[in-house]
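Each chain gets a letter, A, B, C and D, in the order it is written, and its residues are counted from 1.
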């Protein structure tokens, strides 16, 4: 699946977009854990939300391989 | 003393300024009572404040013959 | 204590109010803009007349500004009011507040317009088809 | 449900926001204008970079506007946000609310900026002399 990274997560991952193909990652919580394994800096953040197809997702939400996932570190607009 | 009338009080009194010379009117309360005797319509108002020399006055405040008094019906700016 | 008080017959300038309170140290600006409504309850308003006791009104506007500056963590405030005849959609009042705290800016701006409406000697007469009334004069 | 949502790299237009929410039925308009401050705590900020996940940010801005319209007695709302590089004094955000109830207008405008700051995917990076930091990223 396609994973977009924004703000500080883009710097931690080193690019704004990665592909991660792993059928075993069936929920947002699984994916988040895997990403933290791959990029341990993510653990240092105040918070890390996940959006699936441009909508905030809950930890238990299912994800599909063709979803577009985005990493949302603490927002600071305004 | 000079008495200025604004808003609806100007219509009740028929002019924007009157002279009232009466040494016995020593407080704001006295003056207010006299004005209501002279112009009974003033009693119909929601409120009637008195300003002495451009400052809101209390009922018990003294007034002098050379003060400028103003009738302040309910304000409605903004 | 940065304040701008203005009571005028000429149209108000919102941009000027905002620029007055704007400062690189601030970060938050809150503005209140009052406009002439086309109705009151069920009546169609055609125009408004604002009358004022000008020297006292300016003093009371100064008091509102000073109280807001003392009571809230704000850096600057502009209170501009217009008088004379105003048509629907025209602007009788603009209040602008500058602060580094946005909550304080909101609170101060709301306080200023609420207080202005109860203390500043300005009176509004509404003109309808076939009638006119001094607002709030009677119960 | 009158709303205007705008997320752009170009300078924001405060007058356009105000005119959008203005209507002869209203009477009260409240605006929040955010500007780039020259300091955060003790550090001198030189410029800011706003990054955004644009399609999602627009959706979240729409949600903020709809929630405000439903929650408060207001007639209209404009939420405009800028992204890209901004210098001190420039304007990242403008929120304007039109209502016939001024308290509702204040409450809705404050609600909108508070909510925007917690839900809309926009990130701010501050640039100091010799350093840069993503705001709020770390405890």
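Throughout what follows, a contact is a pair of C-beta atoms (placed from the backbone, for glycine too) under 8 Å apart; a residue touches a chain by one contact, two chains touch by 3 or more.
Small disclaimer: the values here were computed from a predicted structure and weren't measured.
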Both chain B and chain D are touched by which chains?
C
Using each chain's Cα centroid, which is most distant from the centroid of chain C?
A
Whole-angstrom distance, CA centroid of chain A to CA centroid of chain C, is 48
Whole-Å distance, C-alpha centre of chain A to that of chain B, is 72
Gap in Å, rounded to a whole number, between the CA centres of chain D and chain C:
23
Would you mind listing the residues of chain C that make contact with two or more other chains?
34, 113
Pairs of chains in contact here are A-D, B-C, C-D
Residues of chain D that touch chain C when the two form their complex
14-15, 18, 22, 24-39, 88-89, 100, 102-103, 105-106, 109-110, 113
So in the complex, which bits of chain C are touching chain B?
34, 50-53, 55-57, 59, 81, 92-93, 113, 116-125, 134-139
Seen from chain A, its contact residues with chain D in the complex are 4, 6-8, 11, 44-46, 51, 54-56, 70, 72-78
